[in-house]
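Letters A, B, C and D mark the chains as written, and numbering starts fresh at 1 in each.
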Amino acid sequence: MTVSLSGKEVARKIEEQFPGSVAESSQDTLVVRADFLLDVARFLRDTEGLELDFLNFVTAVDYYDHFEVVYLLSSMKHNHSLTVKVRRYGRENPVLPSVVGLWQGADFQEREIFDLFGIRFEGHPDMKRIFLWDGFQGYPLRKDFV
Amino acid sequence: MATGELGIYNLVKFQAIPPDWPGGFWWHWLFFTVVVIGFVLTMVMGVIYIERRGMGRMQSRLGPNRTGPFGLLQPVADAIKVLLKENIVPVAADKIVHWLAPVVAFAPALMIFAVIPFANGALLADLNIGILYVVAISSVSTVGIFMAGWGSSNKYSLLGAMRNVAAVVSYEIPLVLAVVGVVLIAGSLSLNQIVVAQEIPFILLQPLGFLLFFIAGCAEINRSPFDLMEADSEIVAGFHTEYSGMKFAMFYLVEYAEAVAISAIITTLFLGGWQGPLLPPWLWFVVKLLLVFFAMVWTRTTLPRIRIDQLMAFAWKFLLPMSLLNLFITALQVLAGWPTQLIWAMIIVNFAVMALMILIWSRFFFRLGWGKIEI
Amino acid sequence: MAVKTEPFVLNMGPVHPSTHGVFRMRATLDGEVVVDIEPVFGYLHRGIEKLAEQRTYTGVIPLTDRLDYISSMSNNLAYCLAVEKLAGIKVPERAEYIRVIMAELQRIAALLIAVGAFLNDCGAYFTPFLYMFRERERIVDLFEMASGQRLTYNYMRAGGVSQDLPEEFMPALRKFMDMMPRYMDEYDRLLMQNEILIARAKGVGILTAEQAINCSASGPVLRASGVKWDVRKADPYSIYDHFDFDVPIQQTGDCYDRYRQRVEEMRQSLRIIQQAMEQLPSGPVKAEVPHLIRPPAGEAYARLEAPKGELGFYLVSDNAIAPYRCHIRPPSLINLTALRDMVRGWKVADLIIIFGSIDITVGEIDR
Amino acid sequence: MKFEHYGIGIIKGLTVTIKHLLRHPTVSQYPEQRLNISRRFRGNELVWNRDKCTGCGTCAKTCPQGAIQIVTSTDMTENKYVVDKYQIDTGYCIQCGLCVEVCPYEALYFSHAYECARYRRGELVQGKETMLETPERKVSGYFYPDKAKKLPEQTLLVEKVTEKR
């Protein structure tokens, strides 16, 4: 059975390393500040005992006032998982750091988020639309897209 | 009977009425031209039917069975359909080359049959260099296919045509070398003489030669597993991707006419041609031809396709040394006079040699390779 | 001597015999050698995630049929697991067993297509494909008997399955289980040891274990690279912990291993079905669930081992009758991430078989 | 010593295909040989029971495609709804079967008919009159097991053994 790591415990560990990086933590999720995302992600992937080396999925949710990007990470070695979230406030041209360098599996999924939500991932090697054509207006999965 | 090379000299010479042919040379010529064309077209229809039905049954389905009794008219229906289709030429195509390609490809396939005997002496021209003529003519089709690949200005077509040229150039050599063994035993290049010389079919005397000829022949006419030039799962349809209507039908005809030709040559060289008891000679010929063709259908149904570099490696590293060895051994046997005196010893020895060769070669010297290129 | 040649671009697809759907590969070739490749997709984008936001929780189930249309049952099940997790619905035991039987039959059916299509890409002219289609047809007959349709089953419901199995189902399934191992042996005889296939597939398109994990590959692609990771074992959903089965793995991660991996997985699925068939209890097949489900606000991610890999549904609820957000983790799309690294340096013919060995369905990639 | 590279695998494969040549084909010839479809067939058309329908509109609400259109008026004398218009655009219908499942009064069924292709899209729209049960348009047993029992048994490919043994 995959153990869902407690967000609070992991948050404590992260806070020791990167103070001020965790915005919020609960039993099953961990909300990270966008500026610290890459550092935290690298910490989660490489730290002994965590080793979350498998990125299950990346997706985004539109909550009108902010976008929430959800990363589900698992560890093949320890068989545990952790949900990491990043919030991005503001609807105009939101930008987040890309995790492709850490988990290559995020490649197409970040492009998909860019395509459907309009969140630009900085550091992604090939940030362009994936499903829709290049001249498409708007981002369909945003709640205000009709 | 009209024998001898086709040349001005002979044409003049045979103006006189030959002893066994009341119409004279021109009648002979006309009669066999009609026979050859009719034979090729009917055989192509026949083999298409056999291929589709046989393949269907091997794949646990029925195959075409709607048009005519048992679907026998399916090739006719296909032909009519394809002739009525629109002729599409790509805008960027080289029009003349694109137009000429099917003709250039088709003519040689038909010309091969000029020297193939349907019965003793029943052939258009009993050339004394018949087999050389076959080898020379059969590779001309490649020009047509390359013209098609080049002329349709399509990358798939070009890839297919390139593959075809590479394959034909490489496989011509083992093909010819495999034939030479037969020629050595028969002592003649004329196909009629070769058949006459086969008291027992040469497949028994030349098992390795037969295998090499069959493989190389399959590769030369692009039958599976060497059908890379029209590999449907890789390059769509290869050289005839951009062809439609009548011109496509021509290519389709070429494909099967060549298959029939190679089957006919194998029948003639290795299976005793028209020789056989009870049945009339031409029927024996047809039956053997269809058997060889069925073997091709069978392999096509079963085997995966090999890759282009493996194809070349197979020709140069496996077939070529094997055919050279085969030639060498046969030459020794002929020198020792085995084909006339120790014929059973020769059969046994040659089969043993074949098994040993294949085992040793595939164990130590050759393996179908991998082939990644670092970028 | 190296000849300097100019690379050229070949657009494979969107309509190509072996792209398994409307999928395009923009391949840069140097002669026959693949220098670079860029997958282009979106030709089948129907916006299922957006559509799901406007439908009731039950109304989304027919949509999931159309994701990976050759394994609809698994998609149904994945979505229903997510809804059950979100709404806290308990599933009756008989329903669980029926689900397992269906999901495993579906796995066999989908893997048969995957293997058949892979062999077809290798150039075995439709023979293995048609043999395997015959067996798939037998499975589809069973599905039709239970659900009434042959492709878009729409059989699972949140809280169970839509209706009980008909009484003629179990005898037919038993017959199928008797004949299937024999056919599997026949497939193995047909091409498993074929020299040409080995030459074509062995050592081609190697995906190492580290790379596979880094690329988030899952399913047979991951396991063929030697990573023992199966959601059925690692995170047992439904009642998979009741069954005794192995997770086969291969070592090198080449195309031949992926092919063999799929064959082994079919055998394991047969084992699971055998056990489920013997243990099938009686009882209700659907929990008392209202037709309009209104789960409490929250989020849930449920995943399962689909034939192609880890299929997951991430649902966010705002206590309405429609999901606030429904994200699908598509194994086909994510397994494709590794394609570019796998094909570089190989020939065009290898590109096709490497692509075929990943086994994608475009309906799931584009959604 | 493993026999791997000598053509043994090729010969094995060839025996499998030649065996199939002697077996019966798996396929059946469609217009002449008709197989029985599933008793629970979710077909192209729906069957509507005029007497049982109360005009509640649950089916229309459930339909994920919005293919069902129902217009009712109230009959004050008998205190019930009168169904003025009931039509299904089978061109939009995806045969998911949710409408049949939710119908609280067992008034909607799938039909057991197939081959419902039409030449015009307008003909795909089923109105009230073309939705009633007739001898040609039998009721499918989808979601109604008692109705399924009356239908002919489904032909299964599992029953068809192609090899002679």
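Odds and ends about this structure:
Criterion: contacts are C-beta pairs under 8 Å (C-beta built on N, C-alpha and C of every residue); 3 or more make two chains touch, one makes a residue touch a chain.
Remember, predicted model here, so these are calculated numbers, not experimental data.
Traced through touching neighbours, the fewest hops from subunit A to subunit B number 2.
For the pairs B-D and B-C, the count of C-beta pairs in contact is higher at B-C.
A separation of 51 Å divides the Cα centre of subunit B from that of subunit D.
Centroids built from CA atoms put subunit C at 44 Å from subunit B. As a whole-number value, the distance joining the C-alpha centres of subunit C and subunit D reads 25 Å. Multi-chain contact residues, meaning those touching two or more other chains, do not occur anywhere in subunit A. Each of the following residues of subunit D touches two or more other chains: 5-7, 10, 13, 16-17, 20, 26. Within subunit C, residues 127, 131, 134, 190-191, 194-198 each touch two or more of the remaining chains. Under the contact rule stated at the top, the pairs of chains that touch are A-C, B-C, B-D, C-D.
Every residue of subunit A that touches subunit C in the complex is listed here, in rising order: 1-2, 53-57, 59, 61-62, 70, 72, 76, 79, 83, 103-109, 112, 116, 129-133, 140-141, 145. Looking at the complex, you find that subunit C touches subunit A at residues 41-42, 45, 47, 49-50, 211, 213-217, 227, 229, 234-236, 301, 303, 310, 312, 314, 316, 324-325, 327, 329, 333-334, 336-338, 366-367. The part of subunit D that touches subunit C in the complex is made up of residues 4-10, 12-13, 15-17, 20, 26, 37-42, 62, 64, 94-98, 101-102, 110, 140, 142-143, 145, 148, 153-154, 156-159, 161. If you check the complex, the residues on subunit D that touch subunit B are 5-7, 10, 13-14, 16-18, 20-21, 23, 25-27, 29, 162. Per the touch definition, subunit C reaches subunit B in the complex via residues 8, 10, 16-18, 32-33, 35, 119-127, 130-131, 134, 190-191, 194-200, 202-204, 344-350, 352.
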